[in-house]
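Encoded as structure tokens, here's the structure I'll be asking about.
Chain lettering (A, B, C and D) follows the sequence in which the chains are written, and residue indices restart at 1 in each chain.
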Amino acid sequence: MNTKVNIAGVEFQNPIMEASGTFGSGMEYSEFVDLNKLGAVVTKGVANVPWPGNPTPRITEVRSGMLNAIGLQNPGVEVFCERDLKFLEQYKNTKVVVNVCGHSAEEYIEVVERLADESRVDMLEINISCPNVKEGGIAFGQDPKAVEEITRLVKTRAKQPIVMKLSPNVTDIKVMAKAAEAGGADAISLINTLTGMKIDVERQNFVLANKTGGMSGPAVHPIAVRMVYECANAVSIPIIGMGGITTWEDAVEMMLAGATAVSVGTANFFNPTATLDILSGIEDYMVRKNIEDINSIIGIVK
Amino acid sequence: MNTKVNIAGVEFQNPIMEASGTFGSGMEYSEFVDLNKLGAVVTKGVANVPWPGNPTPRITEVRSGMLNAIGLQNPGVEVFCERDLKFLEQYKNTKVVVNVCGHSAEEYIEVVERLADESRVDMLEINISCPNVKEGGIAFGQDPKAVEEITRLVKTRAKQPIVMKLSPNVTDIKVMAKAAEAGGADAISLINTLTGMKIDVERQNFVLANKTGGMSGPAVHPIAVRMVYECANAVSIPIIGMGGITTWEDAVEMMLAGATAVSVGTANFFNPTATLDILSGIEDYMVRKNIEDINSIIGIVK
Amino acid sequence: MKIKEKAVVLWQEKLAEGVYSLTLETNIVDYAVPGQFISIFSNDGSKLLPRPISICEINKDYGTLRVVYRVVGAGTEEFSQLKMGDKVEVMGPLGNGFPLEGRNAIVVGGGIGVPPMLELAKQLPGKVTAVMGYRNNDLFLTEEFEKAVANLYIATDDGSVGVRGTVVDAMRENDLVADVIYACGPKPMLRAVADFALENQIKCYVSMEERMACGVGACLGCVCKSKETDEHSHVNNKRVCKDGPVFLSTEVVL
Amino acid sequence: MKIKEKAVVLWQEKLAEGVYSLTLETNIVDYAVPGQFISIFSNDGSKLLPRPISICEINKDYGTLRVVYRVVGAGTEEFSQLKMGDKVEVMGPLGNGFPLEGRNAIVVGGGIGVPPMLELAKQLPGKVTAVMGYRNNDLFLTEEFEKAVANLYIATDDGSVGVRGTVVDAMRENDLVADVIYACGPKPMLRAVADFALENQIKCYVSMEERMACGVGACLGCVCKSKETDEHSHVNNKRVCKDGPVFLSTEVVL
């Protein structure tokens, strides 16, 4: 049985990653999960300098999901390299995908260049779709010209393959996917969070300090599957699918729709072993359905 | 205590309507709900001629929501006038909002003109956002120029006030709201369904015959609140808010965000008295919070 | 008259592998007729749509309804955990039910289409023959049918009990005749029974299935194709939940 | 060592209006210290995030944890329905817990901040004084505190029991002195206690609250402002779930 998948020349032992921002750099969840069993650890977004993020409350629950407005708090790329990458050294079987954020093309590039010679970094995921920061973030991700340009700029400087992470808050995700492909992206990942809002009717005020937050969790899964399907039929670069994956069925659904690999985000919060549970569910499915190679189910539902 | 709200000169005894397509013309639910107590009955979309809709399965459940791909099956405006409007004659306290669909401007106009002299029709809701029909529908609702044009065309022929129903499947809902306002809409309603997909991993096929379906129910509520809030701060025409409203809190949330009235859709399917339960919840809230006039809470969270 | 209420679980038992019998105390019983169904709702706030389940027995004296269902997914799995005294949200009775006709009727059930035939068999005025199809010898409700009908024939896919093959094989093999047939089961079975009825010029009612949302005829989610333009939709679509689930085999496309 | 498992409900009782005491059999007990908390999960698939609840008592002999909580929303409402033998998903122990210091400690609890002080009071090595604030005479856990501490002072908002006013009013009125104060309660109370401690040059630990998602330090959802640049985030943000919930009153912005 083969569960290996290959994205832009990087071979992942299996298609299961966790989603950026939901797993730190794996340290905290290593108490629950043997990180060496994951396809990849995808780190929390990292910027050129430390970002303080948004005021609290940053989190609220919604039905079958949550809103977050962390605002990309991160300690900056220096601390990240010294601490997080060093920590990840010990997990040789697992690939490391570093999620990169910035307010401007220059800031993305600064991070990408700093990471260029870090051997522990196998792939870069460029977050052009975070709805929780004022400048940069989602603004890039909603304009195809900006997507193409930033992709091209980052690609010229990056030594590792780059994955452009797309925002679902768009009219036509295919246009964004094609723009990333045109800009030279090695792969795309989707979806980031959908912008939502919750109001406290007793206090008559926003629940989140940031007013809006990014929605994630099982509630968004059907939208994510639709978008992965649309992109898979619009571009020829591989897709990392995410959005509400909670069970192995959700992961298989995403792969049938066209994802080469999948990321598990919010599910970690209520099931710390979600990634490995999903992996073993997929393996059972493969045995039961007589699937020799996981690659044979990618995008077969058309 | 005043629960009356006024939209474009039409006075609704309270802000609670049900959402188009989830309630037929009220006939079926009249076994559970005294229609005379609702602010308005919003009918299933009606076209110039009968539409057969999509093949089945048309419905599937998703977490905290559902996908539907009815495809606007309807018996056409003639039968609608003879049967449905006649049925609604008896509910004098309730306003009637007729939801109108079409494949082209001409088809919308044909329906609007046929309804012009029907005294039982208090308002028209123009559905330019149905994701489940190939032509027309959502295509109009995703292009601001088309929104403005169709609004203008319909407005010139309509005798009743018109509400433009917007699609959430857009990058910037404010742009669509402004386009509707520019075209002369008397009000806007939002959100219609979000396009989603579900794949059956055992059969390795789409669950819905139509492949994609419109997502509705509690899962979409935070997105709807955010969009209502954005529109309320972008246009000055009134807003009818909908999307996942299930409890009175959801309805109040929507009004605090800026909706003058609210529609309850999917919730009817698991709670046939949802509309009236929500109404009485709002009345209790008003008493508890000492709110004399429901209008005083509209859009106050900023 | 339709009711939505919390019913009380009086009794639940396992009848066969994955097949459960649930007896509910509910006011729905006052209005129920054979062939109708009820919507059962999950207690889990993420599973919102009704699970339509046919009525298997109606006991007006005790105020109880019995349903028999197969565990196929998360909803029916949840129901199978219900214990005496638990409450469960139900709505019904829904749909039209079987017209009680004929002096000589055959009731045909296949798999989980067997249960709705029981109350029908009990209420039919004339002589009733039952033909029940199962996968294998893991039968259920056969004792109840033996008591309720004049003749009971069983067909199993593997031939372990009764006729090897389908219910139609059993009907042909036993040269069954009747003036009306009632059938519930998977579509291919309904199609075969309808063909058998046509051949033998017997009136035939079938009970249809489709994914539902409202269960009351409002959402147009659950339509099946009708041969003639139908009165409600004017587009050859009949609502399984409201115009059905029982149709004349000649009025719908099977 | 953190555990995620289904705990068994051994006992649940109502202590006061809307306040419940839940005793769970769980392996978490083996690793728990006072001031830590557990995440309790809803059985409802639409309510996914953990409800963080402080540990009130740790009984290693019986393998049980006790938590005391107030019903404030749908999650705690659901927990209040749990009955002996039910199972409930829990994760823990989470957070750092109170350092056990001082020869002369004051434990201060306000409202639903009272419970975590109980196990602390029991485990503190020196003499312990407890100051507990309640809304009115609907007290809870006071008997347990009477047994566990040398002196117990009560403050109520309405003056119906003990000192009328806040816990700080009670501390001032009784001229309490100590070499360490531990406090849990609403932010304004923590602020007042921290000020009192500063005035009297007493070391003071406070237990903080914030909305959580992961509960283990990964998501950065639950931060509070720290006075100095902190080691993990490098941006003056401390994670309540991992770096806390217990902080020195001087290291965080209250």
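The working rule: contacts are C-beta pairs under 8 Å (C-beta built on N, C-alpha and C of every residue); 3 or more make two chains touch, one makes a residue touch a chain.
For each chain, UniProt lists the protein as follows: A, B = Dihydroorotate dehydrogenase; C, D = Dihydroorotate dehydrogenase B (NAD(+)), electron transfer subunit.
Everything numeric in this text was worked out from a predicted model, so none of it was measured.
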{"item": "Steps needed, at minimum, to go from subunit B to subunit C via contacts", "value": "1"}
{"item": "Result of counting contacting C-beta pairs for A-C and A-D, higher pair", "value": "A-D"}
{"item": "Farthest-lying chain, centroid of Cα atoms versus that of subunit C", "value": "D"}
{"item": "Where subunit A and subunit D are represented by their mean Cα positions, the distance between them in whole Å", "value": "35"}
{"item": "Centre-to-centre distance between subunit B and subunit A (centres being mean Cα positions), rounded to whole Å", "value": "34"}
{"item": "Whole-Å gap between the CA centroids of subunit B and subunit D", "value": "47"}
{"item": "Multi-chain contact residues (two or more partners), subunit C", "value": "45-47"}
{"item": "Residues of subunit A engaged with two or more neighbouring chains", "value": "63-65, 218"}
{"item": "Overall pattern in which the protein chains touch one another (line/ring/star/complete/other)", "value": "complete"}
{"item": "Subunit C residues touching subunit B - in the complex, by the definition given at the top", "value": "1-2, 4, 41, 45-50, 91, 210-224, 232-237, 242"}
{"item": "Complex contact set, residues of subunit B against subunit C", "value": "21-24, 27-29, 31-32, 44, 50-53, 56-61, 63-66, 68, 70, 73-76, 79, 217-218, 266, 268-273"}
{"item": "Contact footprint of subunit B on subunit A as seen in their complex", "value": "62-65, 67, 142, 169-172, 194-199, 201, 204-206, 212-213, 215, 218-223, 225-226, 229, 244, 249, 252-253, 256-257, 285, 297, 300-301"}
{"item": "Touch list for subunit D against partner subunit C, complex", "value": "43-47"}
{"item": "Residue ranges of subunit D touching subunit B (in the complex, touch as defined)", "value": "45-46"}
